[in-house]
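Written below as structure tokens is the structure these notes are about.
Think of it as A, B and C in the order they're written, each chain with its own count starting at 1.
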Amino acid sequence: MTNDNWTKLFLDLLPGLGVSLQLTAGLLAIGLPLGLLLAVGISSKDKIVRYPAVAVVEVGRGVPALVLLYLVYFGLPQTGITLDAMPAAMIGLGVSFAAYTSEVFRAGIQSVPQGQTEAGKALGMSGGVIFGKVVMPQALKIVVPPLLGWAVIYFQATSLAFALAVPELLSRAYVLATTNFQYLNMLSLAAMLYAGVAIPLTVLAEHSSRRDAKSRTA
Amino acid sequence: MDAVLPHSASSRPQGEAPAAYAAEARDIVVEFHGHKAVNNVSLGVAKGEVCAIIGPSGSGKSTLLRTFNHLQEPTSGQILIDGVFSVRSGKPTAAELMALRRKVGMCFQSFNLFPHLTAAENIMLAQVKALGRSKDAARDRALQLLDRVGLASKADVKPSKCSGGQQQRIAIARALALDPEIMLFDEPTSALDPELGAEVLAVMRELARTGMTMLVVTHEMHFAEDVADHLVFMADGVIVEQGNPSSVLRNPQADRTRKFLKAVTDR
Amino acid sequence: MNLPGAFSSIAAGIGTTATLTISSFVFGAIIAIPVALARVSRLPLLRLIGGTYIQITRGVPPIVWLFVIYFGLSQFKIHFSSVNASIVGLSVISAGYIAEIYRAGLNSVPSGQQEAAQALSLSRISSFTNVTAPQALVAVIPLAIAYFIGLLKDSAVASVIGAQDITAMALAASKRSMDGLLIFILAGAVYLIISVPVAAFGRWAGAKIAARWAVRA
């Protein structure tokens, strides 16, 4: 196969990569706030808040993401909520992402010393101001590298949206392969695109979490 | 063998038997990232002698000690055991290292007992795997050594169930099980409170009495004075002063030694 | 669709899910041994190879691996059944993850243990098998069990290339009955229920081994 041919296949796949990135953006838009909310929920002293939060986290982590996608896409219509494949995938993956990252947020919030909250109280700040202006900025530094790691994993997980016929990268590669019969080339190229996005970001996340750990012990 | 000796026996005074050291370091240099932790140090220990090395942290004393069994590979310089080079030249082979370490036993500051094995198993392992002794013979020897360090009752107990002092005594027994000619001790009591340290020092005293050649990096000035035959003070990677322990400790010649001893005794 | 009916149609896939998960875990744990040894080797080239294997297996999504093996290799007239293709793909992936677990286990053993073994003139092999490996196992077991549960869930992607596992059975039943809500809740519950005893076993085994070897004093 010639270079021109590879270039053409690559360009053919790009729209699929675009959809995968859109899916990633959408699931992060749902999953990040939800993850933070769940973290606050599972740390709550109030059982009425804590138990549902724990349930969502346990289900989100214990059930395969693919089953969550099917549940949203094929199950929710029975409750009167019918979603297109794309938002359904974003919601399913977003909930799964939130379940996993709630633990990251919780650890980040807990890592901020109690003395910081007490200092805020002593200065007459309200609970909301303390959380937003004192605790969160410090916790953010700790949660960003692991969140980046999870975001990469869920970028990869957008390939599950194939099962809902979302025209993302894998679907695009597969559909093109059924017409040009270059299955191995198309699918390997798709694999390389996933790896090409995922590996550098994973290395970056691991590197920054190491550097972060160092700067904290120093 | 003589052909590879840089200072052959013939350079010694005629007629005298070559006074080979039991263990000797020649011109040892250890470099870490361009920093010379040990800077051209030579040191010999005669057979049956107890040599104590003292000095501030970062003086290179532990690094020097660890070159004696090549746990620390020297950047340059040689280690001789009984007047024979432990490593012929260049990078030591696995066989050379194993032969050297059978002759040179070692105890660590942090004991480094194997936590998944009982006291007896700790002492048996190298006997079986390195010396090829039978398990029964190894166990007999282990029990005998545990008895010698006063811990016969701990034979079938895991290290985590023993005090620090007991763990170090088991570690001494473990090293003795290979019948070494020389024993290295790397701050054997530094991780112990004084009472537990005393029981370890008692075992070491007994070992010295039996004529074991010992090289001991220590902070225990009393032990150094009472038990050691020779005292070495190191600072900044070099030997600053050495000699009879009492005279070095009571009448130090170098400023650096005086400063160190003052800091130790003022505590 | 009633509950027993839904359950029995999903339950028909449990065997395939178990086969996929257990086989991939066992093969992965075996392939991971040379990968981990390469990763911690003193030779830079071997370290690079081990590290690259781990990065690539983790950098490509599981479902894409299965597509490459199931559809891609058919271009070379290499035909796998969907279950076999899934086992091959998931084994390749799990080897990368389990290799990192082995490495974490090896790193958890203090360097003093290695030094003591050397000072006692143990050979490299003996020092590994008698000193390092048994202690590393204590750290490996809980991580491996957690990964096993992750693999159980990852195995659901095999349904996309046609393996008749829990998820595939649930999808088929939901299309037949038009009762996706109940069926997929039930399917999720089945995965959760399977993972509960596995997690409990992991905690029990981890505690048992830690107690037996009393590694952490």
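Throughout what follows, a contact is a pair of C-beta atoms (placed from the backbone, for glycine too) under 8 Å apart; a residue touches a chain by one contact, two chains touch by 3 or more.
Every value quoted in this text rests on a predicted model; they were computed, and no experiment measured them.
**Student:** Building nodes from the protein chains and edges from chain pairs that touch, which of line, ring, star, complete or other describes the result?
**Tutor:** line
**Student:** Looking at chain pairs B-C and A-C, which one is connected by more C-beta pairs in contact?
**Tutor:** A-C
**Student:** State which chain is most central when centres are taken as means of Cα atoms.
**Tutor:** C
**Student:** Would you kindly tell me how far, in whole Å, the mean C-alpha position of chain B lies from that of chain A?
**Tutor:** Each chain's C-alpha centroid was found; their separation is 56 Å.
**Student:** Which whole number of Å gives the spacing of the CA centres of chain B and chain C?
**Tutor:** That pair's centroid distance is 46 Å.
**Student:** Quick one: chain A and chain C, Cα centre-to-centre, how many Å?
**Tutor:** 21
**Student:** Do you know which chain B residues sit against two or more other chains?
**Tutor:** Chain B, residues with two or more chain partners: not present.
**Student:** Going by the touch rule set out above, which residues of chain A reach two or more other chains?
**Tutor:** Chain A, residues with two or more chain partners: not present.
**Student:** What residues of chain C sit close enough to touch chain B in their complex?
**Tutor:** Listed in rising order, the residues are 110, 112-113, 115-116, 118-124, 126, 130-131, 134-135, 213-217.
**Student:** Which residues, counting only chain A, touch chain C once they are in their complex?
**Tutor:** Contact set of chain A toward chain C: 58-59, 62-68, 70-71, 73-79, 156-157, 159-160, 162-163, 170, 173-174, 177, 181-185, 187-188, 190-191, 194-195, 198-199, 202-203.
**Student:** Give every residue of chain B touching chain C within the complex, in rising order.
**Tutor:** Going by the criterion above, the answer is residues 69, 71, 94, 97-102, 105-106, 108, 110, 112-116, 125-126, 129-130, 158-161, 171, 174-175, 178.
**Student:** Provide the residue numbers of chain C that touch chain A in the complex, in ascending order.
**Tutor:** 55-56, 58-61, 63-65, 67-68, 71-76, 153-157, 159-160, 167, 170-171, 174, 179-185, 187-188, 191-192, 195
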